[in-house]
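Right, one structure below, let's go through it.
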Amino acid sequence: ATPIKIGAVVPLGDITGDQSAKAMKLAIDEINAAGGLLGRPLELIVVDSELKPEKGAAAIEKLATVDKVDFFVGGMASSVHLAQIPVMKRYQKITIWSGAASYLCENAVGPDADWYFHLHPWDYQQGASYGLGWTELAEAYPDIEIEKIFLAYEEGGFGSASHESYLVLQSQANQGEGAWAAVMGDYMGVSFKSAALGGGDYRAMLQQAKAYDPDLFVWAGYDADALPMLQQAKEIGFAPKFFVGAPPGWPAHFGDSPLAEAVTLYGMWAPTINKVSPTAEHFWNAYIEKYNEEPATYFAPLGYTNIYFLAEGIKAAGTLDKAELIKALEEVEYASPIGEVLKMSPSNVIKHQGFTGQKILQWQGGEQQVIWPLNLKTAEPIYPFPSWEGR
Amino acid sequence: MKITKSLVIIILLIAAALLPVVTEAYFISVAITILTFMTLSISWDMMLRTGQLSFGTAGFFGLGGYTGIIAVADFGVDPLVGIILGGLLAGGVSLLLGMAILRLRGLYFAITTMALASVFMVVIRNLNKLTGGPSGKIVYTTLFNYDSVKVYWLMLGITVGTIVVSEVFQRTRVHFAIDSIRADETVAKSHGVNIYKYLIFVFVVTSIIQGVIGSTYALQYGFVYPESSFSAHYLLLPIAMALVGGIYSTIGPVLGAIILGLSSEYLKLIMPYGHLIFYGVIIVVVVLFLPNGVYGAIKDVTGFRKRRLEER
Amino acid sequence: MLEVKNLFVSYGRIQVITDFSFNVGAEAVGLFGPNGAGKTTLINSIIGLVKPRSGEILFEGESLLPYETHSIVRKGISVVPQDGELFPIMTVLENLKIGASYIKEARDKVNERLEFVFGIFPVLKERAYQLAGTMSGGQQRMLAVGRSLMAVPRLLILDEPSVGLQPTLVTELFEKLSMIKSEGVSMILSEQNVRQGLKVIDRGYVIENGTLAIESTADDLMHNEHVKRSYLGL
Amino acid sequence: MESISFLRKHRNLFLLIAVIIVVAIWKPHAAIYGLQRGSLYSLVGLPLSLTLGVVGIMNLAHGDFLSLGIYFVYLFATNLGMDPLVSIIPVFFLLFGLGVVIYKLTITRVMKSGHLNQLLLTFGISMIVLEAMNLIWTSRPRSVYVEYSSSSTTIAGVRFGTYELLYVVFAFAVLIALQLFLKKTRLGQATFAVGQNPQGAKIVGINTGFVYLFVFGISIAILGIAAGVMVPRFAIFPSVGSAFTMKSFCLVAMAGLGNLPGILVSGIVLGVGEAIVQSIPGYAGWSDIVFFGVLIAVIMIRSLRRQSL
Amino acid sequence: MSILKLDKVTKRFGGLVAVDNVSMEIQQGEILGLIGPNGAGKTTLTNLISGVHMVSEGKIIFDGIDITFLPAHKRCNLGIARTFQIARPLKNLTVVENIMVGGLFGNGEKLKESKKSALRLCETIGLEEPDQTLDKITVLDIKKIEIARAMATKPKILFLDEVMSGLNMDETREMIDTVRKIRGTGVTICIIEHVMSVIREITERVIVLDRGTILAEGPYSEVSQQHNVITAYLGEDA
């Protein structure tokens, strides 16, 4: 039988794209081993976006016209995705996208694109979900007190978007509305230059944070910022009650560093979710067996989810007919290795948004433990952040 | 000789214009990208012919892109008008800046142009209201509504225009002015060449080209984003293309853009991982074995053959 | 001392030196010829800046062909290149010293040699701290000659040393060259100022179109009709 | 008389010290952080000033060799448990060897064909090195933890990090070593000569091939020193050094070709400038403007001064 | 009638006074010799007049116009041309193209005209292969290019800075003929040379410069007898 072709565009040079492509391949192999879909095997065609917009757009064109794929999947950076959206709109193939957080992408896609399914939470959704998380944590643990929020954001697109959504959330909170109403009494945002972009000196920013003395110190940057920032925080003696990082991935062996203990993080997934989710555990083991390396970023389970979500839809629809498949995908409930059940719902603009929030995790004993959502909790939070003495 | 030459050119032009009829959208989008870099590469080379190494290509490219997007998004102009505005703004800015920095030479000029490009980016990133700041800006009316065939024809037109300008520069007094400036400014000015005027002229013309290309690129996809609109690869790749093809000529950058543009795309398809290594290897090999670039090598060989024939 | 045998040199496919042989003993030898005859090319072949196509160049019995310029120079051959080849943003003094720095025999005679050079060209002493690139044309020529003398060579090759020197200095230079020669330094002198050149040299070669036209002693050259007409302006 | 000319000769240095003192009183942290980061810029910029400024080799892969050095340090630390600062010694020699090999294989063949071909060649090399690192170690950052890297001390009520003072120490040490090499050794003098006129250098008996080889090798090797001091404080990822290429070129242009002490002065000026802007709440995003603004201003002023001569 | 007038011109390089308060005039149509020891300031003077350097003090009047502050290219357009002591051929252009630069920008010619006039100049001056590139050219041809390129600007006054140094007798004679031809077209010529036979033969008047000041002035036959000129410059046996 002719295979069902799925075209993926990811940045292969980056660990996120690399691992998400591998996880997709894993899912495809599993499904094929189980007999494929509709009696047809699945075929995955991966094209590197090189993190360049025009390359990412050309990749979509290639998948559409040369490989004649049935579906588009993949994704990571918003800038690349923005260039792909007009192309995707031309082909209007069913697209399950697991990257890009910027709300601009959502605006560019527009409300009419019923073929567009987006898995990664939008930047504003992430912001809102954290508010919910902290509120629940503050309720669950009476000694946790959250009032002053300090956001350190990298000055590029990724970090600045966070800052902007925090500003919106703050103005809502001031009026007693929104997810942060209970936990954001005051807010301050300061930018820094990420080490990934040639920066790496955070001390000016940390000095301001120290002077501000926040309850919640959050930094939105890249994995390369994680350890140097902790070192410099230690150097200036800055230990906020919560030290939270929100990079898309973490450095290798981060947990081994003595500075990592009790660092909180936002993330969609952590290896410890294996303890509470069988899919996660299965994914983890299968991935390691196949590739002889551990999934290191949530883009791995997200890529895996991407394929399975589509497969579930096809299975339910029993056809590749676009309209029926869209309907089926709207109904799919997939218990993903991310730890929660994936189900589409509308977001601000688009009809089909998948995940809406991230989790709050904490590095404890070298592992990421889930501390929120409370129902997925794998450990109790360490609070407050211990002092730097003796690390 | 002349007739065959113009015939070849006409055939090539027709073939280029008909490309969309015979190929897939994918090749068209690859072709658009190649043309984009080709124009950047030619424009960089045009400046180089004056002896000035410009590192500002990406800066004017990005500036043009932002102008185009802002014109369309905030002032509601047609994208085609946006493209023209992108060129004009880049030209205007380059005129003002050129008056100051074209007194610099060599590395100092190169680094200053690069610094200016970075300044453009930082300023744009911090003017949130107008430019969307760090998270970029999108428009909903893209160029020809993302009809890539039309975009291709437009790009082809711009490229042909650039080639014509470049060739005009090579065949008129401009050629003698800038080549003498490159060789020896003291001699040039002692023989009546108004160095400053010509430097500014070429700088502005090439910046306009870069601005036009930048806004075409941005309006084609309908967005600008500081990190990608000013990305160094709009500087480094055009330079590499011109050098690989052969500098101080129009055909060199053209060849270079085609060679590097196609090989990067092809390499990527045959080897998903590590294709950039081989891309680097190609570049290294070309420099080592064809120090005058591909066109230079062709010229050497045919020139050699011609001479041999004459000797017989 | 130096023996050049059947030398052929070409640039690309253009033959510049054709079957040229000559030798230098403990004497000064002149090379004369019109512009483009190949004098500079010959000199550049000897010091290894140009690789000959065939032929042999022997210095004290040893072939120079396998060596690079710097090794050849260190063997005791010093050259005044036609276009000076000075270090423009070093001072005059540094330029002179560098002439001795990389040659063992010369290194510990620097001060002595400096005095010698300053004796010939006092202006170099006056301008010891001026940058070489800002010296006048003639001053730069002096510096080039001076630098070559710093090397305490056993064979001194001068490619048109007197070009652009004021008349008094030309006379003085050739007097000094005679003196240097008498101290046992061999010399190859390429000159357009043949009249002055003939005062220094013992023998001369006239090279035209890359081949040997005349070879004879200085005295004979002086009276050679061809030389008189084309080179002496008589 | 002597002392006046001494003052004049080091005018820039004294000016710099004065500026730092003023800044230190006004914003002590900005002064310290700027001094530290600026010294790091200088430490990485110095070898480029040697290759580009003194002998005229254009090397666009400068920062990628730094990254490579950083990975070497990482390997020594993780496999042999070597302290990063100690591993400077083997990495120095490793990189020297690597520089020599790369020079012999490639760069020597483009020495005659000018800066632009060197630019293209090293662009290709940079791409190869960067992608090779990416393939081997992935884009995921790594790190080497040493306890002393975040030590700090308090003087006059100002608490500041002590580790990065090593940048200052090493920058000065490398500068002094290079100056001694260039001014006091015959090879160093030869380096200047080769930079000004390679043909002339041959004629006075200088082995120009060796000079190029040595200078290129040593400049890559110095990146090993920078790598060693950086590792305890930096995340290790393939493009960690890339940003330093541009910064180093900027420093060379700001200091003026061939001016090594100028690199240190420029680096520190830019570092302090950046740090001041970063310390003003709400304006951190503009710090690059200061960097480039100062750079452009200095280049322009210098060119005007040169013209009026 | 004087075509060029220098009024108390001084040029300093840092502490060094290269041209010291020089006042002089060049007459329309004459061949003037400018001689003097190495470093006397001859080339510097040429640079000041042609606008390569700007005067530190003083005034330069050309053809009734004060050109002291004019940039070089404007001076060229007014009719001042010069060659360079250390010849500076434009290596990336061919022989004829080198010469065309002069016509195009110095004389405002159109492309075709300039090519024609350049070819004519090649012929006059004896450049046999106008389409040759400059990588294998002889010293003599380079000097010829220098002159032809300057001539292409259609100057009123031409400065020749040591164009005959390094030539043999045959070549020198040929060059002298060329200079005479040029002067025959009405161009004023100022020639700098250390070869006294040339100066003796073609100049009508010489100015001797020494250490930036004028040491002597007059016909060569007279000046060459002056004691101070002999000791400073000529030497006994000239």
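Worth a mention:
To keep things simple, chains are lettered A, B, C, D and E as they appear, and every chain counts its residues starting from 1.
Definition applied: a contact is a pair of C-beta atoms (placed from the backbone, for glycine too) under 8 Å apart; a residue touches a chain by one contact, two chains touch by 3 or more.
Note that the structure is predicted; figures quoted are calculated from it, not measured.
The chains in contact with subunit A and with subunit B alike are D. The chain with its CA mean position farthest from that of subunit C is A. Interface comparison, A-D versus C-D: the higher number of contacting C-beta pairs is recorded for A-D.
Put simply, the C-alpha centre of subunit B and that of subunit D have 31 angstrom between them. Rounded to whole angstrom, the centroid-to-centroid distance between subunit A and subunit E, based on C-alpha atoms, equals 75 Å.
Separating the centre of subunit B from that of subunit C, both taken as means of CA atoms, is a distance of 50 Å. If each chain is reduced to the centroid of its CA atoms, subunit B and subunit E end up 43 Å from each other.
With touch defined as above, residues shared between interfaces to two or more other chains in subunit B number as follows: 125, 273, 276. Of all residues in subunit D, those that touch two or more other chains are 131, 246, 285, 288. According to the touch criterion at the top of this document, the contacting chain pairs are A-B, A-D, B-D, B-E, C-D, C-E. By the touch criterion given at the top, residues 186, 189-190, 192-193, 196-197, 199-209 of subunit D touch subunit C in their complex. Taken together, the subunit E residues at the contact with subunit C in this complex read 13, 16, 36-40, 42-44, 85-86, 136, 138-141, 162, 165-173, 194, 196-197, 232-235, 237-238.
Residues 47, 49, 68-71, 73-74, 79, 81, 84-90, 94, 98-99, 101-103, 147, 151 of subunit C touch subunit D in their complex. The residues of subunit A lying in touch with subunit D in their complex are 13-15, 18, 155, 190-193, 195-201, 203-205, 207-208, 223-228, 231-232, 234-237, 249, 251-254, 256-259, 296, 388.
Interface residues of subunit D facing subunit B in the complex, by the touch rule stated above, are 52, 106, 109-110, 113, 115-117, 119-121, 123-128, 130-132, 135, 246, 249-250, 252-253, 257, 285-286, 288-289, 292-293, 295-296, 299-300, 302-304, 307.
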